[in-house]
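Below is one structure. I have some questions about it.
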Amino acid sequence: MLIGEVVGTVVATRKEERLSGLKLQIVKIIDMDLKPTGQFLIVADAVGAGQGETVLCAQGSSARLTDKTRDCPIDAVIIGIVDTIEIEGDLIFQKYA
Amino acid sequence: MLIGEVVGTVVATRKEERLSGLKLQIVKIIDMDLKPTGQFLIVADAVGAGQGETVLCAQGSSARLTDKTRDCPIDAVIIGIVDTIEIEGDLIFQKYA
Amino acid sequence: MLIGEVVGTVVATRKEERLSGLKLQIVKIIDMDLKPTGQFLIVADAVGAGQGETVLCAQGSSARLTDKTRDCPIDAVIIGIVDTIEIEGDLIFQKYA
Amino acid sequence: MLIGEVVGTVVATRKEERLSGLKLQIVKIIDMDLKPTGQFLIVADAVGAGQGETVLCAQGSSARLTDKTRDCPIDAVIIGIVDTIEIEGDLIFQKYA
Amino acid sequence: MLIGEVVGTVVATRKEERLSGLKLQIVKIIDMDLKPTGQFLIVADAVGAGQGETVLCAQGSSARLTDKTRDCPIDAVIIGIVDTIEIEGDLIFQKYA
């Protein structure tokens, strides 16, 4: 999985029927030094993440395996809101820190 | 998912049978500064997008999960026409703006 | 999908049983300026493409969804022979042009 | 598959239901000279790997095929703890060497 | 698919149960000038390839579709041992040449 920050939203009125009701978020992927990699993903949101939150994203066919995205023709989804990231014993990220 | 602009079409008369009737569009992928990333995708069109429109594309097995592309041997599909893109509170893209 | 030119063939006598009878082509991927991207794919051929032809290739699980490649353990397939590529109103490629 | 070193953990309290009980590890991918490639993956752990261990990771739909991760909406998993890596007759890595 | 040379092996005693009995090979991916691309893949071996052999590898869910790897949580597999590679009429590779 990849980790990133929710930085925005995409709205599409005309879309594949199964996307109705799904919120499409823009996630700025970050690396393990917490800096942006330059990659952005448009993802469906399975957990109700908000702007600025650090999230865990899955790609590929697993994007269709959450309760909210079952059988949707999407390829990326937010599966968790990150509380902490610990690397080599150091807490490098803590939500609301 | 990725976002891009529909810039052209590909026509193939001799093709796998299940592709019959599918429109193949060329999408120039853009990044979240709305500039081209240099990547192009050939995609099937599940929503009837037109030249110049900004579209949302899914890749992988999900490309076979729209009504128009069910079980087609394709790996990329347009699943929505983008109306707005908002980043950090700024409306950076609006259709017909 | 990606577009490329058939530039060669790979022969493997000792192989997974389900590959028997499949032609393995080498495709030089091109970009939308018709120049090589530097990427090559080894693909199964579902449509009978010949050396020098410009072809449409699908990757991933869809490679197993053509009549000729059903359930084969492959990850890339030629699904069409390109007749024309049109970008922003210009016909940039035409077969036998 | 890719090989990497377990360097940390990610904790997410609010997450897709099926992720409950899964440990999310951060793996620093290494190349065959045992140096970091710069790529990190967040993976579920199917084998109980510990910090500092060198592990084998699978990506894509196979991430859902281990006993611990069955049907979870994840795209990467640790499937083995590496004991030895041998290249051209040289033992370049040995656990606890 | 990709082509590469078998350069080594990975041994993992502690691993996902379904990997038992599978040989894990290290493949150095080569390009169509037969030079290494710098990419390495750890693959399961479905055909019994040996050190130094040039092999055809499939990635993704197809890795689980060979007789030896059915339902294994892996993402890459050797599906053939390459005898010849011909590009634009030139035989650029021949086994035991």
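Order of writing sets the labels: A, B, C, D and E. Residues in every chain begin at 1.
In this section, a contact is a pair of C-beta atoms (placed from the backbone, for glycine too) under 8 Å apart; a residue touches a chain by one contact, two chains touch by 3 or more.
What you see is a predicted model, and the numbers here were worked out from it, not measured in a lab.
A straight line joining the Cα centres of subunit C and subunit D is 33 Å long.
For the pair subunit C and subunit E, the distance between mean C-alpha positions equals 20 Å. In subunit A, the residues that touch at least two other chains are 60-61, 63-64.
Chain contacts here close into one cycle, and each chain has exactly two touching partners. The ring sequence of chains is given as B, C, E, D, A, with subunit B as the starting point and subunit C next. Considering their complex, residues 7-19, 24, 26, 28, 40-43, 51, 60-61, 63-64, 71-76 of subunit E touch subunit D.
On the side of subunit B, the complex with subunit A involves touching residues 1-3, 31-32, 46-48, 56, 58-67, 77, 79-89, 92.
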